[in-house]
Structures are given as structure tokens and as C-alpha cells.
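Presented below is the structure to which this report refers.
Per-chain numbering from 1; labels A, B, C, D, E, F, G and H assigned in written order.
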């Protein structure tokens, strides 16, 4: 129930076509966002061109297919499925066209996304083993309408690889820095660029990396300004936030 | 040494006014940022209207005054001093005009900052005890040229206080969510708005709040998209990042 | 040995049908609860209509069946088996009628439970992946004679879903709030209702959720009054406690 | 705005004394709790005989006095101030009659509370050093209208002290078990009684007690059914919850 | 109520001088230890020559004096007060003869203890800074009637100091190994001797010693057989246990 | 090289049958224990009737068999193999008579052990799931020549089960308390008995039991005197230490 | 681009065969290390006789083979592959001669390495189960041109085994101390020798060893001078650093 | 008793001037290091030109002075006192000439140290607040006879500061990298240089720096080869180890 619907209801009350008591019930029962807080609905709702997201982990192939179909029926043109197993992808592909990326375990249903924001998002990783998380971020950002440039394996232990790509970093509107182990990439990048840096710790590593905790702490303690952190391995969250920030800079 | 200087040096080599060996030496010795990566210098340098920042903790009043004077001599018009003790403020005020805020322990030297970005930053807190961190964020953002609106004591245990201010939240370009204890504010706000939410855990609390760890973990695990996290009590970092994002949205 | 038995023994001593020394030995050897602390026995004992509980984890199918049979022989009409594998369920079902719920891994032996308490228990979850733990709580409460209403997937990142169900929450005598990740549901619900809220952190999540630790800390730090916490994934404990509280409110 | 006010507004729209647009605005701007969710207001509101609570920690004596006065002006007859320093108590006592308890650091303003619930709350502690937290729980429960019986220093290392008081425990409607160090009291009590046990870990101890973490974990892992846990040292929370449960059992 | 008292009561019932109902009440109300479990009473009771122990931390000088006097009145000849501040000691010494040891903060009231066990207890420390904890252990053991030999500053980083004292270690009935930092002393000693080794981690150290956690973990992981561990800084506990074991070996 | 061998060597030097330089070399090269520190050798050496111990985890069946054979060749009559897989047991049994216990994963080679110590060791567990660790302790103690009595499933949540067996506990020379989850058994037993209690935390449990950490902390914080702790799941270590203490009490 | 190439470029500018603008572009685009910081290139580059290293974990057999081939094509004569599965080894061996060590999971491609440093590296372990990590260190050091002596199973619980090998330790230029559980080996060795000790905690152990954390903390807290620590199980890092230090001592 | 003394003793036995039994006793009683393991004695002994070290923390001014005097009496020419308070320094200076450095809290007694090693040690810090720890390292290394170059405030968030000093880093024989917060300096430096890097985490920072834990983990996880780590704030240990390595490179 949006503003116009409430207004119409009130007019019905005025016209006598709706009893006050009946209107009260409708107002009370209608979902909260119907009272005019349309933004809530916007956030996860189905709008033209904004993809719907399904978190695939812990869902059966059948459940995923069911949700995809229900979304399509409700008009979703673009659906992003994260943490989707290869088995689930195969199962869904039997019924619906799905573009599946096995390394980041991402499935994309629907038309190809055009770029809708002016700026560029750079996704940088410390090592090649951070690739899966980085691609989750990169694909998410692309599906959400962003131009993405990848700078993989530019960890700080071989600084020249990073410095050789300074121009790329400098042109970014947002940088997503993905790194496990010591997680120093975020700080170094944060000191080099003048734009927001979204740090994604990864669970890559062994021993005292403690499944990403070392990288997480390192990133939270970054001395560089403009760095903020998302959950360990949360490539999707970083890509989503980067897109949000990039779109503030204006549409194409 | 910037692009033009390198070009000039190369012309001198061509003209024979500089020997190739001499040029090699100059190229090698010149600081890295002189090779044209001016952004590095920009980042912490003194530019017109961008404040210089001093981290006051662990510095003596004399040291702070010394740095402030040196910065002023080099042309800084606007200096922000964070984590500055009352004693240090009094000491500096004897020599230089300083606007001191005792709760967030922030000192500001120089002319009042005009607003330079179009959007608005909302700083929300879970409780009144998060005030000091929130003010560090808010003042930082203001000094950096942003319009800031404060929404204090809107914690999730009294949800109506937050919901009653939904309009304020909805108009924000960036929200800074400051909370200790269970830190749930970031998630709830993140689910209500459509803009980036910067979560700041605070060390406020007792027992199993573990000096902010509980709030930090809670914020990192936020199920709402668009939420990222800075270090515990890092109001300055949140304010700085919020300003960065807000200025992407265009100047006034 | 209960009060009456002790009294009888003492009368036998008086009558001379039992020697004092013999009575002394009986008193000393009888189990502690026989001295009149009948409540101890009540707690886990077999009474009319109160189900016996078996913790299935780590027990072989044969062991579970053996215990079930022994309980039945001792008169148990209603047996709840938690954390029971599908294999164990199949094995037991070959010998005894067992109602098995595969998601919460709960098996129920015996007659259907009628409702014995007046109030209603609401079980709410933050996400669909908390379902297994929530169902363990809900089924436990139902078997113990409570009316249970389920409110699943009402996490705080989509606040309208929770608010749309305020009426349900308001009518609860006890709420069980089941959530992983940031665990904020308990605080938000605790701020909305006026009854006890039992918070159950779940191990659902990844990265910095640390197997439920993040949710656990968040719930322990809840700023809302009336919230208490049980162990991670302890749906049974929550359901049992909720039933205990609900029955204080009076029988049907 | 409650149900009646909304209904009245709708009648005004029907009568033509209020324009639909005007009514829409009122509906949108009215605080959330005005939409009929009166329970929210009840929760922290001022009602006849229910005390208002002030969390004293981190507030200046002047601030506490100010809040107390404001509450009194709004009709509060009974105000509970937790974590109140002796200095603050002295300061407030100069202006207002305040009953101050130095060990649990609790101040009580207003008329003596009569008992409003039928059942009895037992507060048990493992040692004498848990007294402060226990008294915070006990006084909170008393101010909220409960009969409270104290069982202090009945720790499990001297089991006979606890067993000698079984009758007291057996008569409780709710037990609050307060213990530091190994925190075993909650489990032992939980195994003896048939009512809800609220476990409060305390920060009392040294070494591997880690400020209450050991007791907290011990209590969360309790094998006894009916036990739930609140934050370390959170006597107030336990007293509040115990009162909530005790009042379910019916008024005096 | 001991065995004889119960028997007497039963004879009274038989004689008719006590009614069965009256006897029932007496049996139920008598403290648990009265039922014949005299060992419980022994454990902390006052017997000839066994010292009473007061944990001084958190008690006021007045409280300590009060307890000491009450114990003396009940016949205690030997009282050990642990974690007693110098102020408390001075206060008590004004009223009662007290032997105070400032480094381990131990006060001893009463006659000098003669040795009652045959074996010898060796207390070894890794460094000189572990002295306070070691002395708490050593004095406790001495007051409890043991011959104690001190081997201080024999840490494993200077192995020759330890090896030069092998003869002393070899003659021990029990060894108490007190060490902070890496806590390796317990393992090395455990590998050298053939008797029980009680390991006491101390909170001495800095950085990654984490207040004794490093030493605690090291000691728990000891590869040497015969090593067990008490709480960080728990010199009293180690001394008490060592005395218990030493007395198993027979009296002087 | 033992005392006698050194003496003989010195006599050879005196007799001129050994050159001083040659003797020097022998003294220097001979293992440390040969210098007379025979206890070291005693500790792990092969003596009449003391079993040799093999830690089976991480060793192949072939390796275990090889070590067993080598030990037998060197005269070992009694060999205890801990953490031995069923496969390894089957493999060894093909060559050598081996008594295998599948639950504690213990294999015993050699003649049956007679009891060599006077006292009795009681092994108590909190639940049935602690059985494997408890049996590792009990069998170890039995092989080492102790009479062992088992008290399983006497956890504190059902206190009457423990109290009903007080007589058994009272007769113990040493008690081994094995418990997971809240680990309260050690404290309760420690408060009831007057002999050393060796606490063994187990990794049994889920959620906040953190693989035995909760029980470990609980046991370290025990308020009962005479309690010490070994590593999580270290049944062997507890059995070995218990035997050591029990043998102090004198041989049969 | 090395020094000579830059100089040549500058000469080309001087000669007019390269335009200044063109040279500027080349300088800017050339990787950072081309500006003369040849050491960077040295670090991971391909030089005569220094092996290339591949971290095998997380790479498919095909990827490993591909990298090996590419390195060989670029002239690498000696390639070390760490954490290589047996399957990967078999796959690579079908195409290229590979020396595979299954316990430390190391593969070596290329000619046998001669010793290039004067000193000797001693690799010591606490137990036999630390072998895999120790061999990773030893083989790495050998491939890098060092003489390595192995001292396995010399843990501190059997000190005589270590002391019997003091001569070996004394002759080392660097010692690598590999130990799990209590990790005391590093401290004891550090106290015995006068050379750098590189401590490698291993994840071997159970219970409170916490996957190597206990050993790690123990080693960081070593009271012996000259001890430093690498990551848990990081045999390669220790071997590499030991070789670095050993080569400081001069070439053969 | 060194080699020569043992040989002399054996000759006395041969000559008949010493009885074999007497010699046996001497051999057994002489301290371990007397058997020829002179290196042990060397390690902490007083040799020409090697300073004696006193750990000042926890020692009274009187104790420190006493130890200094005793050392001087035994011939120590050079004494380093770490973690020495200003008060202790003043007290000692009244009796003995002491060079006191207040920031790293280091006192030096005795003649100025000449440089004895060829190489240079570089001490680099991430920020100015790491100065105290860095100076502890630098002064230790200088007192031990090394040339030290300081590179302070070259943290990775301002990479150009570090890169501008690459030449200094390149010339080091050993680098000590001192950093708090994210601790990334060690990795970046480790990737730039070809010599051992000793990483020292500092407790500088706030929030999620957890007193140096974040920097510690970051450094342990360094992807750069040649990096090892010492305890948090252990500047002395790093300086000592650096000197050890530097002296391997040869004397001046």
C-alpha cells in the first residue's frame, strides 16, 4: 500500500464507499512499507533493471529453481544467485537459461546488464587464491551495472606488481581490495588512492590466518583513510556496496 | 618530480645540457611521488581548503602545538586534531585560536568550513553513551565540508524512536551508524535505507561486549546490503569515508 | 523412597517390625531423592503425559531403539528424540511407530500431545536457514503441550516483514527468537514485546559469524529488557524453557 | 496515535472535517507507537506503579538528577537507578529523597513497592563476592513488585550448603543463579528445581576466569533444562526478566 | 546429624519418646552433612591442627578481622589468609598476632606448623618474577605441614641452572612448577622427575603472554606424563593439592 | 652409562687399561642419563611390570606393529597403545596377541596386569558421551596396576545420581572427573571428597562448548581445593597421573 | 627495464633516435623494478641456480604443470613445489622429471643442488609427528644450497635425547626448531645455542593445542634470546629464512 | 668443569692422586655446563665486550643497582638495562654513571661500544608512536656492536615515504620492521629487500588492534619470504637477534 493507495482509501472513506472501521483494518494490516515508506520496498523489491539476489548456500537445487521461477513470474528480468553449487547450476539449467561461473559459484539468470554508472570499480587481489571471492565481487558489480577492472595477484609482498598498475587504481571511483593472510593490500591501496576502498578479507591461508581473522583485523586497523571492511569472503557485499557508491557518481 | 619535470629533464638530455648518466641518477633518486603519481601527495598534502589531520593521542601538548604551527606555516588553513586531551587544548589555545569539543576530544584550528558537497550525512547512534564517537564522526564530516544531521539514541530496543525518524534517514546520502553492545543499529538501518551505511562499533558496554568486539562482529555479519565497518571507536575514519562518498555525489 | 515410605518405615520401627539398625541402613542406602526431594525425580522422571527426552547425537540407531523400548516398558507414552539422524529414524521406525521430522532431526514416539497451557509461544527466525533450529524449538514446545505460532524469515534487515506481524508477537506469552549472523532479531523483538524473549543463536553464517559466536554475543548484549540466551543451536533448550514459562501462566 | 485516535481521524475524514490529504500527513508523521502498538509505549512508559529505570553508568550526577526530576514531573512515582556511584547518590540526595544501596550501586526514588505477584523469586549466589550483582538483581525484582528470598554463598564446592536449602529453592517460581569462576551453580540448581533458572555470570575471579567468560560459557553449556543466561554482571536484566516471568503466574 | 544421632533418633521412635512424624521432620531438615557424610564437614571444617583458609581479596580489613576472630572463637589454631593487602595485615595485626608475608600477600595466624608428612615438596620457578605466586604455594604447603624446598629462577632458557639441581628435583614427592611467559618449565621438569608435577601458570609477562594464557596452554599441552595444571596465579591451589598428595605418602 | 659403569671406567683409567683421553670421549658421548640421572631412564624405560606406551594417532598400522615388536624384543611384557584405530588393531592382531578396546581406542599387548597399589581410583563422568575419554583413563590406570571403579553418567544436572554414590567417591584415593559441556562435575566432586581430583575436560558438546574449552575453563576455575586439570580429552594423562598418586599411598 | 636499458634509452634520446615524449611514456609504463630497483626483481626472479618456488595448495595438477613448464621455458633450472598433493605429483611426473617427497608434500624439478653456503642448518623437532613440517623446512634449505642436519624427536619431555646431541646443535649456524603441543623446544634450544633459532609451531596435537596456537604463543614468549617465529606449519618460510641467514656467513 | 679440568681429573685418577670414587662424585656434582658445554656459559656469561642485560621491569631501583654493582664487581664493562623506569634511572645515577634513554626506557652502564660487525641494521617503523619499541631495538643493537640506521614513520599508508628510502633498505644486512595497528610494514619491506626481516608488532593502536594482536597476526601471515616475528613490543629481542645475524656476516 503506497501513498496513492492510502490517499485513495481515504477518499473512499470520505465518499462513503469504505467504512472507517474497514479502513482502519486495512491500514493496520497492510505491510509497514505500504504506509509510505516506499524506500524499504525499493531496497529489495523488483524494479526495472535491478537484479534480484538469491543466497544459494543451504538451499536445494529444487528450492533455488522454485525461487527463480517465482521471481520470473513476478517480472524479474535479472537474477543473481550467489554461492550456488555446480549441481544446483546444472539442475536449474535444465529448465532455465543460466550463465554459471564455477569459481565464484555465481549464477546469472536473464538479459545481459548494460553499464548504468559513469565510474569504474577496480577489484584488486593479493594473490591468485583470492580469485573466487574477487570474482563474486566483480560479477556482482557488473550485474548491477558497473564497469569493472580486475587487478589480480598484486599483493604487497611484490610491490612492483601493484605500482606498475597505479594508473588503473588512480582512475577508480571505488576500489575493492580482496586479500587473505596478512591483508595488507587494503592499507597500501588506501594510501595510494583518493577514493573509497572496500576491504574484503578472505579465508585463504593456513595457520595463524585463522580462516580470515588475521586479514580482517589487519584491514580494520588500516591506517589509511577511506578504508572500510565487510565480512570475511563477502565478495557479494563488497560488490553491492561498490555499485551503490559508484552510482552516486551519476548515471551513464 | 612530475611529468613536466621528467619531460624537461629528457629535453635537457637531448639538448646535451644534461648527461644521460646525470639524468639517470636524478630519476633514481627523485622521490617516488615525483614520477607523476601526484595523487599520493594529494592524499595527505596541504591543498586549498582541505583540512590537515593530527592524531592527538600519545602526543604531548608541545608536540601538537609544534605540528600545528608547522602546518600553518606551510599554508594549512584548516586543521583537525582528533583524540586531543583537554590539557593539550588549553595549552594550544594559549598560542592559537582553537575550537575545542571536549566530548569527542576534537580541536579545530582555522576558518569555518563551508559545505562543499550536495548530499547530507546522517550520524545515528544506538544510545546516548555512543555520543563521543558519533561526534568525532560528525565533526570530521562537517570540517570536511558536509552537511550533517544527528540522530542520537535511536537504538533498536526502542524501535519506534528510529522509525519516527525514517524521513531523516531516507534523505541521507550516507548514514554513519554508531553503536556499542549488540550493534544491531547498522543492520536495521541498512535494511531501511538505500545508501551506503558506515558502521562504527563502540567500546561502550560491559561484560560480553568485550570492549566493542560484540558490536564489531554483529556489524560485520550484517545481513543488510550496503553496510561496511570501520575499527572500534573510529569515528574519524567513518566521518572521513562518509565525506569521500558524499563528495562523489557532486559539489554544491 | 518418598515421604510416605519413610513414615511407614518409622512406624515399622515403632511397631518393632523393623529394627532401628535395619532402618538406618535403608535410609542410608536409599537414593538421595528418596529422602523427600521428590521434585528431583519429577524433573526427569516419567509422569503421566510428560514426554521423556533422548539426546540422539552420538548414539547408534540400536542404542536409541533400546532406550525407547526401555522407556516404553516403564510406561512412557510420549518420547522426544532430538538430533536424530535419518538412518536412526528409519531403523527405529521398523520396530516402533515414530513421527520423524528430517529438518530439525526430531523423532516423536507416542500419542499426539494436546495443548495444556493457555498462552501461545511464538517462534521467530531471522532467516530461512535458521529453520532447523527453530523447528527443534517449536516441536519441543508442541510436544510439551503448547500452542506454537511460527514467524519465519522476519530478520531485521527487512524490518517491514517483522512489523507486519506485530500483532502475532504482541499476543505471545513467550517469544523464541532464533537468529544467526548478527543476531539482532532478539533485541528488536525484545524492544517490541512485553513478555520474556528466549534468544537462540544459530551457527548459520560464514566468516566472522564464527559458528554462532557473533549472534551469541549480540544476544547477550541486548539492550532490550526481558531477553535471555541459551546455547548456540539449542532449539530444544529454548522450547523446553518456553514451555516452562508458558505453563506458569496457567493450564487450559 | 492509538486505535481510537485513528478511528476518530477517519470519522473526521468521513465527516469532511478533515481533508484526506491532511489525514494522510497525520498518519505518516505520527510516531510509530501511535498506530496502535501501545505495548511499545507500555514497555518503557510511565504507568501507575511500574518503575522507570535509569542506567547510571557514564552519566554525571547532574545528568542523573535532571533525568530523575524530569521523570517525576511526568508522574513517575518509582525510579530505579542502576550502576550509580556513591558521589552521584550523595548529589541527588541533596535534592530528592533517595534510598541508596552502596554494594549493588542502586538508588531508588519514590514510595516503597508493594508485592504485586504471587510467586517468589530466589536469588542464589556461589560466593560472597557475587553479592553486588545478586543485590542488583534482588533489588530490581523487589522494586518491580516481587517477593525475593536470598540464598547467598551456596556454591557447589560446598554442596551441603545448597542442599540444606533445597526447600527454599523448591518453592521458587523463578531462580536467579549468580556465580563467577566456574559458574556451576546454575547447572546444579537447574537440575534440582522445576522452574526457570536465570543464570548471571559475574566478573568475579582471576586468571582463567577471564572477567566472567568462564562462568558465561559454563552457564550456556548447562546440561540442565530450563536454564538461560544474561550478560556478565547483568543483575538488573536478570531481576527484570524474573519479575516478568513471576508476574505471568498471576497477581497477588 | 551423624550415624549415631540417627540411630539414637530411631531408638527414640521405638521407645515412643519420639513420634514418627517428628522424626521424619528432623531427618528432612537436618543439614545434608548430618546424614553421615562427615567427610564433607572434614573438608573445610575445623579440626585439630588443620588450618582454616580465608580468601582475602575483595574483603575489607574489618571483615577479615571479624572472620579471623570468629574462627578463633570456634577453636581454629591455625589460619591462612591469602591475597591479603598490606593495609589489611596492618589492621589485623593491631588486634591479633599475624605473621605477614608481603610478596605473596599471605597472612598466617596461630602457632607454628610442625611437619606432618614424610615427603618433600619442591617449588620451582622459571624466573624471579614468578616469586609471589611460588611463595603463595610454598607457604601454603608449609602451613599445611610439609617440608618445602625452593628452586627459584631455573627457567628453561638457562637449562644448566635446572640441571645443576637435578638431585633436589629427584628427591621430591611432588613438584610445583611455577612459570609465566612460555611456561616450558613444567614440561621439562615433568620429563626429568618420576613424581606428580603441579603446573602453575603465572600472569607474569607482556605482549603475547596474554596475562598467563600462553603459559597455561603450554602447560596443558605438556608432553610429559604426570603433569596437571591449576588456574593462572593459583599458588594456593597448587600448595593445597601438593600437600594432599604428599600426605598420601604417609605421616612423619 | 650408569654409576657403576662410570666407576668401572674410572678404575680402568686407574689401571691403565683405558687412556684418560679415551675416557673423556666416552664420558662426553654417552647419553646424558648415563651420568647417573637414572630416573630419566626410569621414566620411559623398560622396567619389570611397567608398561611401555605408544601414542597411536598418526602412526600407520605397520609402524605400530614395528614399534611393538621392537619393544617386545627389548623385553617389554606389557605395552599400552592409545588412540589406535580399529584398522591398526586388526593389522597388529594378525601378528601379535592384542586386547583391543574400540570405544577408547586402546590396545593392550602382554600379560594381564595385577594390582600393585593399595588405593582405589574412581573415574566419574558427567554423561554417557564422555565414556571414550573415561575408559582411556580407566584402562590406563588398570594397566598401570590400579584398582579402578567407574561412576558413569553422574552429571550435576541430576545431582541425586552423584549423591547416591557418595560412598564410592569417599573411598577413592584419587578421583578422575571426566566431563564436557559445563564441566561442573569436577567442582562438585572436589567439594565432596578429600582426595586429589584430576579433571579431564572432554570435547563432547556443541555450540558454545567450543570443543571442550568451556569445560576446560570451568575446571580451571574450580572453587574446590584439590582439583587440577589435564588437556582436553587427555584420558591417558589423567590415568597415568592418578596411578602415580595412587602408588604414593603404598604397594599392595 | 634495468639500469643499462634506462641508460640506453637516455642515449637514444640524446642521439635523437628516441623522442623525449616517447621516452617518457616508456619510463612511465615500465614496471617499477625497471627503474633500477633490481633487488625487487632479484627477490622472486629467475637467476642462475636459485630455485623458483610454487605454492601448490589450491592449484590443479594442470595449473602446476603449466607453471612448471612456463618457468622452464624461461630458463628455470631448479623449481621447488610446496604443498603438492600426490595426485598432482603423479600428473606432473608424466610430463617432467620430478623428485617427489610425499610426507612434506614437496616436489623438486631440476638438477640436484650443490651446497653454496659454508655453515650448517640444524632442523630439530619435538616429536616424530612434526616430521612433515620439518622436512618441508629441511628440503627447502637443501634445495637453496645448504647443508642440513636433522635432529628429530628430541622434545623437552625427554631432555636427555636433546642433551645427547648438544654437539650437533653447537655446530649449527642456524637452528630450526619445529614443535607442536607446548612448543617448548624453541626456548630450550635457544638457551643452549648461540646462533639464531627459527621457531616453527606445528598444528600437531589435540585439545588445548588449538591447531598450533599453544605452540605459537609459547614460542613468541620464549625467554631465550635469538628466537623468532614463523607461521604455524610454515616449514618453507623457516627453511628459506635459515638459508638467507646461513648464506650471510659466506659461500663455500 | 671444562674439558681440560675433566682431563686433569682423569689424570689425577690415573696418577692415584684422586680416588675413582672421589672423581665420580666430582663429575656428578659439577654443574652441567662444566662438562664442556661452555657455550651455555658463553650465552649469558661475562665475556670481554659483550654486554650483560638486566630486564628492569618489576625490579626495584635498589635491586637494579644491586645487580649492576654485582656485575661490575665480576668484571662486566657494559650493562644494558631494559624497561627501566625514570625513577630507577635517577636512583642508579646517584651511584654509578648511567646513560638513560627515557623513551625506550633503556639504561646503559659502561664504556661506549665500538662497532664490531661489518653489516648495517635498519630499524624501520610504521608510525611515530612505534618509536619507543624501535629505539629499544636500535639501542640494543648498537650496544651489541652494530651500525644502526633508523627509518621512522614509513608506514604503508604513505608508501612514497618508504619507497623514497629504498636505497637505505637495500643496503641493510638485517631489517627490523616495527609496526602496530595493521602491521603491514613487515610484508612490504620483506617484499622489497633480500635480507632477513625481523618483525616486531607493537601494542600501539586502539579498538581491534587488541594490544598488538592484529599486528602480530598480520606479521605471522606475511607472504614475503625471509620474515620472522618476535613478541609484541619485544624491541630488545629483535635487536639482539639482528645483532646475532649481522655478526654472522663477519667482523669489522
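We adopt the following convention: a contact is a pair of C-beta atoms (placed from the backbone, for glycine too) under 8 Å apart; a residue touches a chain by one contact, two chains touch by 3 or more.
Labels paired with UniProt names: A, B, C, D, E, F, G, H = PurE domain-containing protein.
Please read all numbers here as calculations on a predicted model, not as lab measurements.
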{"item": "Shortest path length from chain B to chain E (each step joins two touching chains)", "value": "2"}
{"item": "Shortest chain-hopping distance from chain E out to chain H", "value": "1"}
{"item": "Most remote chain, CA-based centroid, reference being chain G", "value": "D"}
{"item": "Centroid spacing, where centroids are CA-atom means, of chain A and chain E in whole angstrom", "value": "60"}
{"item": "Whole-Å separation of chain centres (CA-atom averages), chain F against chain H", "value": "41"}
{"item": "Length of the line joining the C-alpha centres of chain A and chain B, rounded to whole Å", "value": "25"}
{"item": "Sites on chain A at which at least two other chains make contact", "value": "37, 40, 43, 158-159, 191-192, 207-209, 213, 216, 220-222, 225, 231-232"}
{"item": "Chains that touch, pairwise", "value": "A-B, A-C, A-D, A-G, A-H, B-C, B-D, B-G, B-H, C-D, C-E, C-F, D-E, D-F, E-F, E-G, E-H, F-G, F-H, G-H"}
{"item": "For the chain D and chain A complex, residues of the former touching the latter", "value": "3, 6-7, 10-11, 13-14, 16, 20-21, 23-24, 27-28, 35-36"}
{"item": "Touching residues on chain C, where the partner in the complex is chain B", "value": "126-127, 155-159, 181-184, 187-188, 190-192, 205, 207-210, 213-215, 217-225"}
{"item": "Chain E-facing residues of chain H, complex", "value": "31-33, 37, 40-41, 43-44, 57-58, 201, 203, 211-213, 216, 231-234"}
{"item": "Interface residues, chain B side, partner chain D - complex", "value": "129, 158-160, 163-164, 204, 206-209"}
{"item": "Touching residues (chain side chain H, partner chain G) in the complex", "value": "37, 39-40, 42-43, 53, 119, 166, 170, 173, 191-196, 198, 216, 220-222, 225-232, 237-238, 240-241, 244-245, 248-250"}
